[in-house]
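Next, two complexes with chain A in common: one pairs it with chain B, the other with chain C.
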Partner chain A sequence: MSTPCRRRLMRDFKRLQSDPPDGISGAPCPDNIMLWNAVIFGPDDTPFEDGTFKLVLNFDETYPNKPPTVRFASKIFHPNVYANGELCLDILQNRWSPTYDVAAILTSIQSLLHDPNPNSPANAEAANLYRENRKEYIRRVRETVEESWE
Partner chain B sequence: MDAFIDLEDPSDWPRGFEHLRELEKLLRCPVCKEYLETPMVVSGCGHTFCSLCVRRCIAQETKCPSCRAQTAEGDLYPNRLIESIMREFRNGRLQLLSAIHAAAKSDSLNNPRKKQRVSQGSLQKDAQSVASTLSADTACSGSNNESANSGVVDLSSSDIEKIADTAMAEEDNDSDSDFVANAQRKRPRENLTTCTSEKIAKDEETSSNSVSCPNCRTNIRSNRINWHLDRCLAGLPCENTPAAVVSVSSTKSQPTAAKLQLLPPRAAQFALPRPTKLAYSLLSESKLRRTLRELGIPSKGDKHQMQMRHTEWVNIFMANADSETPVSHRVLLRRLSAWEDALSRQSETVKAVALSTPEDIAQHASKYADSFAELVAQAGSSRSRPSFK
Partner chain C sequence: MYKYESDSDNFMDEDDEFVDYSEEEHDFTDSEFAMDDENSDDNDTEDAGIAHDDRPRRYAETQATQPTQTQNTFSADAGDFEDDFYGIDGAEFEPVISSRGAKRPWEVDFKVYDPDELQAKQEAIVARMEPVLATSRDATTLLLRSYLWKDEPLVEDYLTDPERTLTKAGVAVDQTRPCIQSGDSAFECKICFSEGSDEEYFAPSCGHRYCTTCYKTYLVGHVLGGASWRIKCPTPKCNMLVGEEGARLLLAGDEESLARYNTNLTRSFVNDRDSFVWCPAPNCKYAIECHVPRSALRTTVPSVACICGNQFCFGCQLSDHMPAPCHLASRWLEKCRDDSETSSWIKVNTKECTKCKSTIEKNGGCNHMTCRECRYEFCWVCMGPWSEHGQHFYNCNRFNEESSKEARDSVSETRAQLERYIHYFTRYNNHEQSAKLARKLLATTEKNMEQLQRELTLSWIEVQFLSDAVDVLSICRSTLKWTYVLAFYMKPDNQMIIFENNQSDLEMATEQLNDLVENPTNHGAIEDIKRKIIDKTTYVKSRWETLLSDTTLGLQENRWQFVD
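Take a look at the complex of A and B:
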């Protein structure tokens, strides 16, 4: 069954395979092209370095006109990630553009790990520690990094 | 998943041909990533998209999808030059890719050190030698399965196509030329293939405009591809229909084109009124239903469904009006229904995989533990790989 959305997802997959951004991978589930698994490596020179964070992307037929639902499947301590793994990221909400593809989404999430936005906190504790007690923030992040290897 | 890899893609260009890769990217729509179909330029910012893609975007948010500049339907203008450039690019694409692969192969045979260099002379090899190289080496990455398939035309399936062609002519006389460009693109591919049997050559001659269906991959005559696609995507039988079998004998004695001319131009008789944008909040459900009926589109469902359908209809209709080769309104109606079918089907599947609770996600992660492990390995290797950009 081919629809414009599915065809676009196949293209996204091909792009991700042929030209993968650094430390990023993703693929649709073998039984459902609308459901993708992805992995993001924590960017170097950040507390998330060496972390292997799993994500799940859920698309529907309105893609790429509407963004997919993206959730972390790994535990992650980050000012813009809710306890249930949902993200607070503008490009996945009001600043979504139909020109984005899976590679662009994952790259944006990777750069969110690099540059948290404590002004729109999804995890108040992480946002406070990030602003006021960086050392403790790093310690808590490192905990989740170690958990991500399991 | 192997089907994914068959998609024609800018990544088909090998290293050393980055300019062509970029050129191909530029000729593709930033929204759907397909070749631009009826390209429209946004007058304010100059970005170009498929007419239907940009119209769908603007219907949702009045902004340019690329730069978010304020944009309305009135700001869109057809970009005919890009359309022509793209057509020529697509015509030459396979020819060039085949020549590149052939040259690279003979280069590496003659001089393994010069593997990456493709000399000017070898690019100008005649099509014959390129063709023989191609058929000898079907594993060329740029022209994988598809060209391999077209080299070995399945006689029985091509007969079926001819039959189906005639059936199509009888059932529907829409002159869909959406895929004519597609057919032109495929032509060099056919010229390049070496045909051994006489019958194959004859087949090629009669169906030189055949294209492969993106859905089921059978070769279909280009002017019938939309008819086929509509049926194929709707899951209807596309071959061996009773009507098709009946017309076998007439196909052989009478060329399809001649047969087509005998049929009355039904497409011209079937015209629906031009829809306009509506302020849905000011319309009652019954008024909207009446409007839909007047426009000749289905008027079932609640107000929200009718609203979505009307919006999509305006987009499809206007994009078709922008096109240099518009299709009949009958075809547009089928596209509207295919669009709606896809939406309603997915509302069921999406519910089935709603991963809303942490437990669901944990379960999902353990179900796909192997897949995640593979992705971790992949992400690791892409990381340590030297950058080619």
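Take a look at the complex of A and C:
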């Protein structure tokens, strides 16, 4: 069945395949276009470097008027990611615009790895370490990076 | 326009005049002088003549009564207050109560609006500002809304730097009108990615075009979420607002969303402004305008009455709490929520050890008490030391002995405070309960009135004295109730004694009137009762007025000290 949402997701998929942004890949499940798996590679020159972080994106028929729910499937130690993998990102909540597509969502998350925002912490421990003990913060992040290879 | 007075027996009966007065109210300041000419040319309607003649006079009256009031009320923070009071549409705001000539000291000016009038009010302000800013109607509306209808800062900013003011507010500088178009083969909607010359798209002034279906879905989503003028272009980082003109273009035909959009606009008009509140009664559609600034709430109690009958405080939207100011009223209600049940139980069931002040509940046994905390032994009846009691275990006849008295005197400060609270609370509560009974009384009174009419062949108007009496009773109950709150927080001094005298005069008279109304047959023949009730009603009302005038002035003069 073709709906505006499904047509749009097909277009998002085509765009992601033909013009993939650096360090990002994603695809819908073969049997369900509303459920996507994606991988973000930890950006260079950050503690997340070399990590391969898996994400799950869940769309419903309101897309692109409403954002999908996005969750990290891999364990990640980051000030703006909750323990269950859900993340705190403005464009996935109140700053959502229907012009954003899957590529835009994933690049935004990638840049969140680059620049955490310790002022709206989802993980208080990570936020505190990020601010006060950068060395320990890096050590904890590296742990999750190594786990992400398994 | 509704003109409402808090005093029920003083409704204006000059309806014609009022209608005229209000219809033209928005033009009043602008066209007052212009009308001179019009009238001399075209003097055919008498109504117009009256409205014209009457208006300046009444305006002058209002002004004559204002200055003293204003000085008294707001002298403490004249600085803050001027902005609020003379802000934006001071010229358009017309006092309601001034129709009586002299406003009573405790009354504040206010005006009730229904949604249509609110709409008209917005339109009137926009129409007034449009020529001043020389912007399109849509742009003027958006500018006013984003400046929360504060026209002075808007005019100042706009005249200094029009481009910056427009951009900051999210209004297109070139002010091209939004439109729905099609036929551009290069068009591609960045939301659904449909493309080609067949697609119909919405072209707002910021230039970000999307197909009408997507734009409308986007807009409706926000409208259903309660948004109105703050809806922005869907493009990230574009701050341009979707103006009213564009929104109406997109929503055309969708009556439900359009109605919702209008409701949201009106709602934000009231919510964005300090001088407006919605009537807090359930399902009430009216809004009230009143120009008492926040900074004056410690010395003024802006009690207003909605057309729906709800009498409430403009400052805090709680139900009317005259003469207690907002901060004391809310403190009291908070305290009652926390305390009243617990403290009455403590008062009834416990005493405090005279030595260590622990609270003790006696749940059985004889009067020989041994405190579990400090092992002090005392008598439950006289609170004196047990050692002086000898072997009289079961009764105490030493209540007046010196040592027992001393022990009782030493009852802790907290207990005294508790007693004090209970004292005021019982009286507060009593009036609240009586006010509820007064409402029931009204029903029986109506029956009594019918009966009187039948039995004594009196006319309808001749038995109105009963319902007048009940009206006065319930007003007084409400006021008395809150006088106890005021008194509870007052520091005792001579001024407080004067206040309490006023309070007890009113209370006594109210109780007497209550008795007369409730049991009329105990008081002799009908003519006699009628005279008594009418006399008493008048007296109670005058006591009530005295008390309110006095407390209003007292608060303004900082006559009383309140505990922190």
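Definition applied: the second predicted complex is superposed on the first by the 150 of 150 C-alpha atoms of A that agree within 3 Å, B and C clash if a C-alpha of one lies under 4 Å from a C-alpha of the other, contacts with A are read in each partner's own complex, and residues count from 1 in each chain.
Definition applied: contacts are C-beta pairs under 8 Å (C-beta built on N, C-alpha and C of every residue); 3 or more make two chains touch, one makes a residue touch a chain.
Since this is a predicted model, take the numbers as computed values, not measurements.
Peer 1: Following superposition onto chain A, is the placement of chain B relative to chain C best described as a clash or a fit?
Peer 2: clash
Peer 1: Identify the partner contact of A:81: answer first if only chain B is touched, second if only chain C is, both if each is, neither if none is.
Peer 2: So A:81 meets neither chain B nor chain C here.
Peer 1: Touching A:89, do we find chain B (first), chain C (second), both, or neither?
Peer 2: neither
Peer 1: Using the touch criterion from the header, give the chain among chain B and chain C with more contacted residues in chain A.
Peer 2: Ranking chain B and chain C by residues of chain A touched puts B first.
Peer 1: Once the structures are superposed on A, label A:127 by its partner contacts, choosing first (chain B), second (chain C), both or neither.
Peer 2: Touch status of A:127: no partner.
Peer 1: First (chain B), second (chain C), both or neither: which does A:105 touch?
Peer 2: In the superposition, A:105 touches no partner, neither chain B nor chain C.
Peer 1: Looking at the overlay, what does A:141 touch: chain B (first), chain C (second), both, or neither?
Peer 2: A:141 contacts neither chain B nor chain C.
Peer 1: Report for A:57: first if it touches chain B alone, second if chain C alone, otherwise both or neither.
Peer 2: Neither partner.
Peer 1: With both complexes superposed on chain A, which partner does A:38 reach: first (chain B), second (chain C), both or neither?
Peer 2: Only chain B; A:38 stays clear of chain C.
Peer 1: Can you tell me which of the listed chain C stretches (189-197, 297-305 or 531-539) runs into chain B once everything is aligned on A?
Peer 2: In the superposition, chain B collides with chain C along 189-197.
Peer 1: Which residues form the common part of the chain A surface touched by chain B and by chain C?
Peer 2: Residues 4, 7-8, 11, 64-65, 95, 97-99, which sit in both footprints.
Peer 1: Which residues of chain A touch chain B in their complex?
Peer 2: The contact residues of chain A facing chain B are 1-5, 7-8, 10-15, 18-30, 32, 34-35, 37-41, 52, 54, 56, 58, 60-62, 64-65, 71, 73-74, 83-85, 95, 97-99, 101.
Peer 1: Show which residues of chain A lie in contact with chain C when the two form their complex.
Peer 2: Counting only chain A, the residues touching chain C are 4, 7-8, 11, 64-66, 91, 95, 97-100.
Peer 1: What residues of chain B sit close enough to touch chain A in their complex?
Peer 2: 1, 3-5, 7, 9, 11, 30-34, 53, 56-57, 60, 65-66, 68, 214-215, 233, 235, 342-343, 345-346, 349-350, 353-358, 361-362, 364-365, 368, 371-372, 374-376, 378-380, 382-383, 387
Peer 1: Could you list, by residue number, the parts of chain C that touch chain A in their complex?
Peer 2: It comes out as residues 190-193, 214, 217-218, 221, 234-236.
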